[in-house]
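Just so it is clear, A, B, C and D label the chains in written order, and each chain counts residues from 1 on its own.
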Amino acid sequence: MSPEAPGHIEIREQRDQVEKDILTSMKKPSLLFLACLGFTVALATVLLACWGYQIKTGLIVSGKNHPVGWYMYITSFVFWVGIAHSGTLISAILYLLRAGFRKSFNRSAEAMTVFSLMVAGMFPLIHLGRIWLFYWLMPYPNQRQIWVNFRSPLIWDVFAVGTYFTVSLIFFYVGMIPDLAIVRRCSDGFKKRIYSVLSLGWLGTPSQWRHYNQLYLLLASLATPLVLSVHSVVSWDFAMSIVPGWHTTIFAPYFVAGAIFSGTAMVILLVIPMRRMLSLEKYISVDDFENIAKILLFTSLIVTYSYIVEFCLAFYSGNIFEETVYKYRVLGDFKIMFWIMIFGNSILPLTLFIRKLRRNLPYLFVTSIFVIIGMWFERFVIIVTSLARDFDPYNWGIPNLSIIAIGIVLGSFGLFFMMFLLFVKLFPVLSITELKEKLE
Amino acid sequence: MKKHIIPIILLGYFGLLFLLLIGLETYWYLYEKPQSQPIAFSHQIHVLKMTLPCDLCHMYATKSISAGIPSVSKCMDCHRAIATDKPEIKKILKYWQNRKPIPWVRIHSLPDFVYFSHKRHLKMGIDCSECHGDVKAMATIRKVRSLKMGWCITCHKSRSAPTDCLTCHK
Amino acid sequence: MHRRDFLKIMGVASSSTLMTSCDLEKQSEKLIPYLLPPEEEIIPGQSIYYNTTCTECPACCGVSVKDREKVYNNMRGRYPVKLEGIPGHPVNDGTLCIRGQASLTRLYHPDRIKKPKLRDSKGNFIDIDWSNAYSQILDALRESNNGGYKNIYLSGRTTGSLSDLIDDFCKRTGIERAAEFEVYSHSAIKEANGILFSKREIPLYQIDKADYLLTIGADILETFISPVSNAVRLSHAKRKSDFKWFHIEPHVSLTGFQACEKFTINPGTEVYLLDFLLKNMLNMKLYKKRLPEEVVKYIPDFSQEEVSSKTGLKLASLYQIADQFKKAKMPLLIAGGISTRHSYGLETAVLTGLIQWITGMTDSVIDFSRAENYSGVGTMVQMEKLSNRLSNNEIGVIFIARTDPSKSIPVSYFFKENIKKAKLRIGLSDLLTGTIKECDIILPLSHTFESWGDANPRSGLKTLIQPALEPLFKTLSEGDILLHLLKGDLKDLPFRNFQEYLFKKWNENYGKALTEEFLKKGYYEESVPKKEIRLDNKSAVAFLKNIKTLDRIAKPVLVVTPSIRSFDGRSSVLPLLNEIPDPLTTISYGQWVSVPPKTAKSLMLSDGDEVEISAPGLSARLPVKVQPGLPEDTFAIHPEMLSTQVFQADKRSGEGVCYLDKIKIIKTGASVSIPVLSGSMSQKGRGIVPNPVNKKREYDRGWNNMYPEHKHKDYRWAMAVDLELCIACSACVAACYIENNVPVVGKRHHLMGLEMSWLRVEPFFNGHGKCNFVLMLCQHCDYAPCEPVCPVFASYHNPEGLNIQLYNRCVGTRYCSNNCPYKVRRFNWFDSQWPEPLDRMLNPDISVRTKGVMEKCTFCVQRIREAHDTAKDESRKIRDQEVVTACAQTCPTNAIVFGNILDKKSQVYKLAHSERVYRIFEPLGTEPSVYYLRKKGDKNES
Amino acid sequence: MLIVDKYILPPSPEHFLILKYILILMLMIHLPFVSMLIGGTFFSVVFNILDKKKQNRIYLNFANDLIDTVAVNRSVGFILGVVPMLVVTLIYTQILYTVNVSAVNFLIYSLILLLLGFTSLYFYKYTFHLREAVFGVHIFSGILGIIFFLAAYFIFSISFSLLLDPGEWRFVKNPVELISYWNAVSKYLYFIVSSLAITGGGILFFFFHWSERKIDHDSEYSGFIKNFGLILALIFTLLQPVLCLWNLATLPEIAISQEVFGFSAIALFLSLVISYMLCAMLKNPEKKLGVHIFSLFLLTFLITALNDQTTFYNTIKEHIVLMAVRAEGLSSELKIRELTGAAEEAQVNVKKGEMVFNSICSACHSFDRRAVGPPFKMVLPKYQNKEDELKTFVRNPSKKNPGYPSMPKLGLKEDEIASVAAYLLQRLQTESQKQDISK
């Protein structure tokens, strides 16, 4: 054994440093953290309470009516599925593109994907009239000898979201295995046991690494098409119908873009405070934020473009039904929401052309909040306005404001953030191994 | 503690299973156990021994969707004279005198969203026993067919009867 | 997985935590036998029909009550579940109106009086038993007789044997029978006919014979005398090619919008118009000689300009109306309703009578021999007298039966106060109405469907009243009550109850055979001798002499228009009639005042703004509904909108005035939310009612379908709705509600936009103050948008072309409703309630939908199933018109036709291939099975 | 079935009871044996192959000993394996010969498969000494045997669970239709699991208690076996009750009765005891509980057999009643014959008529009193020597006397009607004669 060269030594030190820093983030939670956790938990309980009440009394409490049969729940469903997307985008696609800044976001993005999908998956159930029969939506052999209707976009949803959830969960988990091994090494007692189970006996032998990388690449390339497919399918829930304002060919790309847009915003929203709380400035640099801000800007431009196209389609169609709906969107009962959406999704992001603002984290933070609100309203506007002004004028009507529905929607945010906070404390928020690799 | 761990685990495991068993039994007791009737009426005696035809009492089976449960007076027709000393028969008399219908417990019941016509099935020449089993041999009536949708469908298919949902659902 | 399996798992899961009670009650489901076998013809599980008479309004339509047997609190019994008209009945010929359909909910009304009540010392009611009530009454009668008081028997319109019995009763017990009270007594017409032809009667208007109908104010399709019969006759008339109908009224009514031409006249100026017409007639020699000179001489003479300016009608329209008269071979003029309910009502009626006379209507289309039986009905004047007598403490015991005058006679009579002065007030009623609340003893009346009787709507026609169920509560029919009272008085009554009384009478009058037939058919029509009508010149002259120039009713004016839903307000107590929106305003619950658009603009009023209407003796706060087509400064309300009747009565005709002029309207600034069900008063140019120009189908499904086309082997059910005949009376809606167990959800939910109606009448107003009504129900599309989107096949297309909704399969995604261009699907947002005893009304052939389930029109699939059943028994196919949906069945004008469109000989096939046919939203390619027939020569923008 | 009808006397209720217990006995001796056979063979083959791979003597010995132990010799195999199965099949055929259910045919299939299984199994056993030479064939025969057995008992359990659901009898025509039939699946799995469990128990018993083998002076080998046996037994004993419950949950309504739950409870308890013993043995290998454990296993099998038969008998309750009635009918026929000796038909006929009268008519009619129906001496005379009219009336009665409820249409057979008519008229004569005499 020859004595190691000094270079090696400091690399080793740096490595240990990395390990320490990341792992310290998993140590004892701060008071602020606990406060946040408490708040989110409270919100989540609100969700459960409201949901329970709704099941008991029936959907009358959800503010929907005739003609507006879909309201906040489906809005939130689409929204949350959308949020999920950028997770896959960042971790899978950027991985394939070997984008450097990925490493700062991928873990939290993947976590976000999984959690938001959990939340999203909840909403179709919440919105069911008879939730106790939800299993009728799954195709399985039964004594009744009847199957589901495979023509219905809702069934496609079941599959799309289901697949997406499984894949992204596996992707998330597989990505974490080496880090879990490290955590196992540095923890003891009961914790050690858990982590050793989780890390599936990872030793980091070259052969393991070889297999691991192959698997990861495979999963990444599996997940990539899903980014496009899943939200296209979700968008078909609307595009496949004949409702004016829904029945449009551009919906699939339009929704995907929107999804990535909102997702990216959410990532920024999550990572900026996380960076502060866990003091990871060293690893998540401002440049990384600038890069991701570029994605935000880019997708915002696409979304804006689709808005314009949408209106042009309505205008050129000369179809009275379409025209009415789009006029109604701009000037009708929900115009405030529409204009907030325009501001949040199209105007505000334009400022990101300025480099200074791109690199200004507080500004980014605020922007992404606006984007998220805007995106929620986008879905809301699309769904509600189209239903409120459809074919037969006799049926025109607007839904009722509902505390329960709002409670559930807010609760869903609570649930999401709760899960994320827990994740922050239980798992390494940055991929230690990748950071180490970068040191060589 | 350490040395008792195994029995505890075992007991816990089996205890759980036992609970499940109790659960099943409760369910059976509540839903599937043939309920005791207000009067211990025996089809065995009436049909098997006395060879009375079904439609003597269930007189609407061939005319209507419901087979019809015989009116108390129907029972009285014969039991004014027959076996009047038996305690069960006395019960009928009591109901009759108090002008109260006999609250038979329903054994073959379908959900109220199901449309089933006895008439149609009998007109198709389907024997009562296809769905009710060998009632004539039952001392106390009991349900011998699941009467679930799958079962109905199987039979409908096998006889190429209509399987449009509307045939049976309302 | 099956629900019970699910439960099984639950059972296992909850075994440790014990079973809940709801599970326990599930297991003990009972099977209740009859005590005695039902009569021969009755088969459990099948419906039986009883022919009887509807008494919701005085028209006395014949209804056959559909009974089904059910089990309630462990007793098997038979309960009415639906009402249908008696086919071939002289009045309504198998059809019913909205009120008739809804009258079933009066039978099952949760607030019905269940026991006799007595007002105790503290002034609140206590239940007593009948014998007690009788003795109390008899004692009181004896007392007041001794005390030298007069006793009064006041009732609503009463005909047939009951009326005779009341007379008999009054004679025997020394009670004076007051004239019957009806708000719409039509006494002006009676008066006028008395003056002209010395016949104080309301003749039978044979609209079906006429080829030109001119109605002035008479809302013949809503409340005028016998609306259903009018509608039936009108539909016959409309089927003739050359039929014309002009309607003239000072406001807007449903009837008005159905006429070919509708003119708006200033309130109270009908006399001018009629005078103008009359003079026109006289210019024709053919008519001239019908009127002797001395009469002609006294006909007031107005210049046509004056007429035009007074009435507000253009000269052109005046002549248009008059010329139609000349053209017509068989003209018919009806003036009544709102046009005779003002201080010149009598003049109006008299001039009308003159025109009817000289044009010879009186011996062709107007039949006095079959006069409507309003003989017993009194006037407001008589009520005033009665009120005065009450106030003078002349009255000892007063009976008030089946009527609620205190609400609908002028407050200035102080009836409500005076009635308290009677020594004993006895109310006979089924519900606690305003007047009945004032009584000391309340005797609960059985509903018509619970009691025996007969009615006599017009001379020469007797209709049967027979029970269709055992009384739900401890109630008796009026006849029985009276007989009981008599029995207490004298022992020698030859009959034990009213039924025996009736049978005895019938057997005497018709003999056995006819009685049998009467009981079977439900009515008996005897031929009546033609009455000779001649003009009584002297009295005519006497009257004409003192017609002076009239002072007009000054605008702004408040008009109380009768309502098709509540008649004179009496039916507004039925929940169903509040649930079904008023066809014109589409407002379901609550009060409102209709305001003309122009005035609304000037006062800056919009729907829901509260206004204060003030006039001498009146100050009411009502929310506004802007009503297109309403003439300027005319405000319209329905009788039930005002708590008290501030209007005066006309001394001569004795009719209540329904105008209140020189009113003030002030915007209070408050705004009330009123359930306006329609999202838009206009169709926004969507061609739901197209104009004749685009009658050709320019939309053909050019594209071809990815999925296999539907095959329909023997049947494809379809419906045709003739908008020419449809009068938007909403009877179909009511029928649908009751036939299909559609829940009544109440005002709160209507405000939230959660109404459940499967079938609705959509009014669409166009720029020119015209209105088109469209019947909207599930279109049972061949390529239904709702079908492919349902994830669980709860909505699917069945082999007979029906678009099925399977309630027990539905999981409630509501996608189908979103995707339905006609928005005819209704979602159960909560478990709907059926308060006792309304739950007995539920139709057992359809499941009651639970919360979380989508529902919609099924083309009355239960009736189709029934028809299939009988057809199979006779091993044949279903015949045309064997299946009639509830809506088609009840339609007074037979505008709805249902049938199998694959059958080339079926009516619906013929209609679906008429040149007027079109389907709604055809460009969407949904291929609906509901075909609409455009109005003839309809001129409105699409 | 007609021929059968003629020649087989339908069994009486007692007979059914006997059959039940024979069934239980048969299954009791049969099932444990085949279970161990299957388990043993399976592991023998496994270890056989393992030895081939790893060249480990212990495996080989174990494989050899296992197969020797479980498949004792041909005669035993035949007596414990084939005969009971045959008997069981026969019994089911006898019980159900009047109803149209294909389960019985299924049983025959499984019997055939069983035979095939045995042949290939014994082939495997007797080629053991020359396994080096023909390893392929040898192993293949073993595997084949297992497959045959599994197939056989799959069909067996399927047909049994079919027997428990009369609703399906009309529709199920071949075993494959039942693969998705939950109860069948659960029963089958239950069988597999318990067979593996008892195999474990068997190893413990036969290797350490039954016959003192060479294992004593080969501690490594015995230790290995013991451990293996224990673990095997423990795992599957713990699984057993789960499947037992599953089976219970999937049983059709009619098969269930209070006892069924009782039996399951006992089974549960037994497996608790067994597993406890096993754990104890695992803790200290010196304990010698093999006998108890094995006997308890046998007990469990007994309980299971009892349970199954109870369910089966619950299901065919009505069927039994009907059979009993048939039996009575026929036997009474015979009785009459021997009573009247070789008397002429008419005599027999009248006697039969009397019986019918006593059992049925007498409920509503008596000869000289008014009951529900009128007294015979009032209504009969009009049928004097008009026997056919009387028959037609009995065949489908019509309301005659206003004073009485109309007589129901009875489900009498032609010959019964004839005989009862004959009897009545004869009785009438005798009665009238009596009166003449008395006069």
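A few notes on this one:
In this text, a contact is a pair of C-beta atoms (placed from the backbone, for glycine too) under 8 Å apart; a residue touches a chain by one contact, two chains touch by 3 or more.
What you see is a predicted model, and the numbers here were worked out from it, not measured in a lab.
By count of C-beta pairs in contact, A-C exceeds the other of the chain pairs A-C and B-C.
Chain centres defined as mean CA positions place B nearest to the mean of all protein CA atoms.
In this assembly, the C-alpha centroid of chain A lies 58 Å from the C-alpha centroid of chain C. Work out the mean CA point of chain B and of chain C, and you get 47 Å between them.
Averaged C-alpha coordinates put the centre of chain A at 54 Å from the centre of chain B. With touch defined as above, residues shared between interfaces to two or more other chains in chain C number as follows: 2, 8, 12, 793, 809.
Along chain B, residues 20, 24, 148-149, 151, 154 each make contact with two or more other chains. The set of chain D residues touching two or more other chains comprises 249. Chain-to-chain contact here is organised irregularly, matching neither a line nor a ring nor a star, and falling short of all pairs touching. Residues 1-2, 6, 586, 677-680, 682-686, 688, 707, 749, 752-755, 760, 762, 764, 776, 785, 788-793, 809-815, 817-819, 821-823, 826-831, 850-854, 921, 924 of chain C touch chain A in their complex. Those residues of chain A lying in contact with chain C across their complex are 57-60, 64-67, 69-70, 124, 127-137, 142-144, 146-149, 151-155, 158, 237, 240-243, 320-321, 324, 387, 390-400. Those residues of chain B lying in contact with chain A across their complex are 148-151, 153-154. The part of chain A that touches chain B in the complex is made up of residues 142-145. Those residues of chain B that touch chain D in the shared complex are 6-7, 10-11, 13-14, 17-18, 20-21, 24-25, 28, 32, 44, 47-53, 56, 77-78, 80-82, 130, 133-134, 136-138, 142-146, 151, 154-155, 158.
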